[in-house]
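The following blocks contain the structures, represented as structure tokens.
One chain, subunit A, appears in both complexes that follow, with subunit B as partner in the first and subunit C in the second.
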Partner chain A sequence: MMKTFLLMIALMCSGLAQAEILVIVNAQNPVITLEKKQVMDLFMGRVSAFPNGQSAETLDLKTGMPLRARFYKTLTGKNEAQVDAYWATLIFAGRMSPPKQLADEQTLIAEVAANTEAIAYVTRQALPKNVKIVTELAARE
Partner chain B sequence: MMFDKRFPFLLALLLLCITPLAGADTQHRLSGFATLGIAMSDNPELVFRRDVTKDNGAYEHSGSWKSDSLLGLQWQGDWSPEWGTMVQLVAKDRFDNSLANSIEWAFVRYRPTDGLDLRLGRLGADIFMLSEYRQVGYAIPWVRPPHDLYGITSLYHFDGADINKRFELGNAMLNIKAFYGNSNEEYPTGFNDNQGIKINFDAYGAGTSLEWNYWKLRYTYAKVQMNSDHTKALRNGLQSLAPWWQNAAVYSTLLETENKQFDYSQIGLNYDNNDWWLQGEYVRLGSELALVAAGKHAYFSVGKRFGSWGVYALAGYAEPENPVIAVQRPLIAFTDPIDQQIDYLAKATERTLNGVRIKQHSYGLGARWDFAAKMALKIQVEEFDVDKTGTNLWLRVDSTKPITQDQKSTLVSLALDVMF
Partner chain C sequence: MNIQSLHIKVSLSVAAAALFVVLLSSQFFYQRSYEKSFTDSERSVQQLLETVQATAAIAAYVGNRELAQQVVTGLTQNDIVVGAKIIANKEIIGQHGRTSADAKQKLISINLTAPFDEKEKVGELAVVPNVPLIALRARDSAMATAIGLAAQAAVVALLVLILVYWMMTRPLSHLSGRLHRITPGDGNRLDVASVQRGDEIGLLAGDINALLHTVETMLEEERQLRHRVELLETRFRGIFEDSSAGIFLVRERGTLVTANPAFFHLTGLTEIPQSATGDDNIIARVFLDHEQASSLIKLSLITKRPHSADLRIRTEQDNQVRWVHCIFSPAGNTQQGATVEGVMYDVTQRKYSEERIRELAEKDSLTGLSNRQAAESALEELIQQAPVGGKEFAVMLIDLDRFKTINDTYGHDAGDKVLVTIAARLRKLVRDSDVVARLGGDEFLLILNHAGNIDTIKRIAQKILDAQQAPIEIQPGVLEKIGMSIGIALYPEHGDNALSVRKHADQAMYIVKRQGKNNYTFYDPCDKELPLAPSN
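Right after this comes the complex of A and B.
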């Protein structure tokens, strides 16, 4: 009985931890930390560089993946359709290139590990050494 | 002319051709947008058209597929953080449907530092709030940009250059933009007669937009200088009769187009807190030419979202600045054929001077349903009141018959918008 109870607690805690989103960059990126607004400016195409002026490449998950919806909802309050409609105004006006969309979180991490300009978001998890966290977002369900 | 005005366009095309040689790091992105739409109007005398570049539209009892349907394809090449190129092709029903006209944008972008963009080539005419994405149905809340204002906009793109600089002011973001370019395209006369005129003009202007939290405010001023003469035959006729017809010289001057200018002053406001949104825009069109009717154009729209559904209301108006010009023929009668000729010229002059007037207002309701990723369905119902002296946003079913009564139209529009 006690075991089951502890297991339930553990599951609940892991559930809470899962709800957190990590924003990651390459370990060699001189950026140490980013504010939520700076992450938003990057992922909403308002800026194309990190605050120190170094150019940034935003990496995204494919449309329809639950983490993508959660990330944008947390960051901007917009649902995916709103985010896509917003991006349509920038892409088809020729103003900004959209974030590159990748298939899953492991591909995102591998790309960030290999690219010093990359920035991406993943769920809380153990990360390789050449990737570092610049901010954490408490996901809004 | 010091150089061919197509120079920026041709240069951009050349640069686009060499882009693939730029290296393996080049990122290519193909994307696109499409709308399948039908518009149904119930007015027996007027034909609904999306804007003044259209020579066809929705008649009574027959929905028009061609008004809003289109397909856009875009290729974007980013060869470094500084250099990028883009080409956008749009297939739709247009008056002069050549491949050259189907190229909406084709430009090279240089970004020496984040926040400063220089572009050269064929660029979107960024004069109104929706100008740069007015054909992308998925990006806008309505079936089409509001008719009372966007119906007047004939200028989709020009060949030239623009510069955009971003400034960060605390939590707000300020963008300042300037542009210059030339356009040489054929437009319908608006008399539903398959006739067109090739208009050559230079456009230049500057704009600023401020984004702060949920708010976006924007102001633009743009000037257009006409390079072509479109009324020579009519003016020659009037001038040849000037010895017998005192007002002929006055009408002739009014009809001049070459080296005449008109301008747009635009203000726009947008608020969107992800739950409620509102958008309003006002444009004053000033004009030295009688062939471009000076006037005021505005719309206001408010909407509410419910998950993947949204509803909205919109209202708009268009009001000419100048009264109708009554062309008076000389009071004394002449012998034929001079008398006949005077009558014909008086009618043609009056039709030309007043045919460009736009006087109407509208209100409507609509709904949008984002039923799948990157796909939306919309329905929109609008009531238009069109003054008999200002029908130019519409075509006449019978262009030989003048409109003698004020007109009403209930316009029902359905659209499926996708982006990919």
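Right after this comes the complex of A and C.
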């Protein structure tokens, strides 16, 4: 009985830990940390540069991937469809393009490691040295 | 005609009331409808803004001019919006159509918030509403409402008018028309059956009929009454006209108001001196004793009771006096003053009869002189009238000498002739106012008024004696001289009452007889012891 209870708490703790999303940039990027709002403005196309003026390139996962939905939900409070509709509106108006979409998290990490302007999101995991975390988002499952 | 005007009045009243209501309610509803339409339009604008709010917010959030332009262009496609703009970071990122400065109108705006953070204001969406259009539509809508209302009111008014006409004015008009054709007294009635209704008009018809009946009954009574009055008047007029008594009406001052034919017949007047000569005193013209008549009129007016008297009236022949008995009664007042009714009838015959009866009672039938009773009452009257020590008069007692002889010798007729002749002589020798009476047999009495002077009396006595010197033809061819003895007593010298004066005259007369007859003498108190020698 007691064992079962402890196990449940352990599971929950691990679950919470797994839900954290890491926002990463190239290690050479002078940006040390970003506010959640700054992250949102970058990903939703409001700004196209980091606070220090260096231009930024947002990297996204393919539509339909669970992390992507979780990320946008955590960031904007909107579901994936709403975010896509948002982008559709802006694309229709012209001159605006959504973040570039990559196949999976490893591709994202590799791209960030190679591109000093890149910014992306991944689940909590061990990261290579040329990638650094600027913020963590506590995903509400 | 009146009903026509009643109808017109009702129509006008209803029309005026309806017009008033329509004007007032139209005004009210127009205003309300206008305001409502305006508000509705403003809300439409608001809703329009809300429709594009999300997109506009995105445009403002990312500062996307293209998207902003699309939104404002889309907004101005609506005809209730003439201009729109989106402001982000105090910068207009999209604008189309007229600005608020152009249109001089207030902006309608909403705030734009960040798509992912409603707390962050990212800009503003503002539009210029098409106020003239909104106003026009509001006016149209309000006008339609008002017109609809007016039409409704007009229809209701018309219906009310028709119903009032049908249920009230028309029946009243019929009733009035029928009543108008009815003259009270012709026996016609309103046809109640045709207005057989339980409402007030039915009641009115019934009441009018009842009223007509009452009026007719009253008219009939009046007619009968008038007839009776006419009949009475004819009778009274007949009495007035045909009366043998003169009936006349005079005012206080004696002017004639009216009179019947008998009055004119009695008085001999022909014309009616009515208003022609207002001050003509008919009383003075008719009556010889007009002062007495006037005082009777005044008396009857003062006492308010009838007063009557026998009065003489003037006639054309002055020698014949006519008498009327006249009754004056107060006859009420007119505007010209109090009037008096007079009734007169001829009493001349009665007066003459009365005179004759009195004569018979007072006269000696043979000689026509006063008889003993008349002489005595005349003497009494004279003494009563005369204040003591005032009036004087003489009493003569006359006895004929030798009368018995003549009577015995020649008979009564001869005696009567002597008496008649002597009586005529005596009457002729004294004044009319003096009393000459035959006391009976051959005894006469004279009362000489105003005989203050002894000498005058003596002269009269001597004249009487002298007159007897003429012989009397007592029978054809027989002439006789008759002497007389006269005894005289004076009042009040020889007695203060009738009896003593006469007695003393008697004594004086006997003295004459004793002393040789055919003489006269005055009473002498000293002769008192002498009278009547028992031997004679």
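Odds and ends about this structure:
Heads up, the rule we're going with is that the second predicted complex is superposed on the first by the 127 of 141 C-alpha atoms of A that agree within 3 Å, B and C clash if a C-alpha of one lies under 4 Å from a C-alpha of the other, contacts with A are read in each partner's own complex, and residues count from 1 in each chain.
Just so it is clear, a contact is a pair of C-beta atoms (placed from the backbone, for glycine too) under 8 Å apart; a residue touches a chain by one contact, two chains touch by 3 or more.
Just so it is clear, the structure is predicted and the values come from calculations on it, not from any experiment.
With subunit A as the common reference for superposition, the partners subunit B and subunit C occupy clashing space.
With both structures placed on the common chain, the touch criterion links A:114 to neither subunit B nor subunit C. Contacts of A:88 after superposition: subunit B is touched, whereas subunit C is not reached. In the superposition on chain A, A:98 contacts subunit B only, with no contact to subunit C.
In the overlay built on the shared chain, the residue A:55 is in contact with subunit B alone; subunit C does not reach it. In the overlay built on the shared chain, the residue A:45 is in contact with subunit C alone; subunit B does not reach it.
Legend: residue contacts after superposition of the two complexes on their common chain; A:77 is shown touching both subunit B and subunit C.
If you count the residues of subunit A touched by subunit B and by subunit C, you find the higher number for B.
Superposing on chain A, the segment of subunit B with clashing C-alpha atoms against subunit C, chosen from 204-212, 366-374, 384-392 or 402-410, turns out to be 204-212. Shared contact residues of subunit A with subunit B and subunit C: 37, 46, 76-78, 86, 89, 92-95.
Contact residues on subunit C toward subunit A in their complex (touch as defined above): 55, 58-59, 61-64, 66-67, 70, 115-117. The part of subunit A that touches subunit B in the complex is made up of residues 37, 46-49, 53, 55, 63-64, 76-82, 84-86, 88-89, 91-95, 97-98, 100, 117. Considering their complex, residues 27, 29, 31, 33, 72, 74, 76, 78, 81, 84, 86, 88, 105, 107, 109, 111, 113-115, 117, 119, 123-124, 126, 132-133, 135-136, 138-139, 166, 171, 173, 211, 273-274, 305, 307-308, 370, 373-374, 376, 419 of subunit B touch subunit A.
Across the complex, subunit C is touched by residues 37, 40, 44-46, 75-78, 86, 89-90, 92-96 of subunit A.
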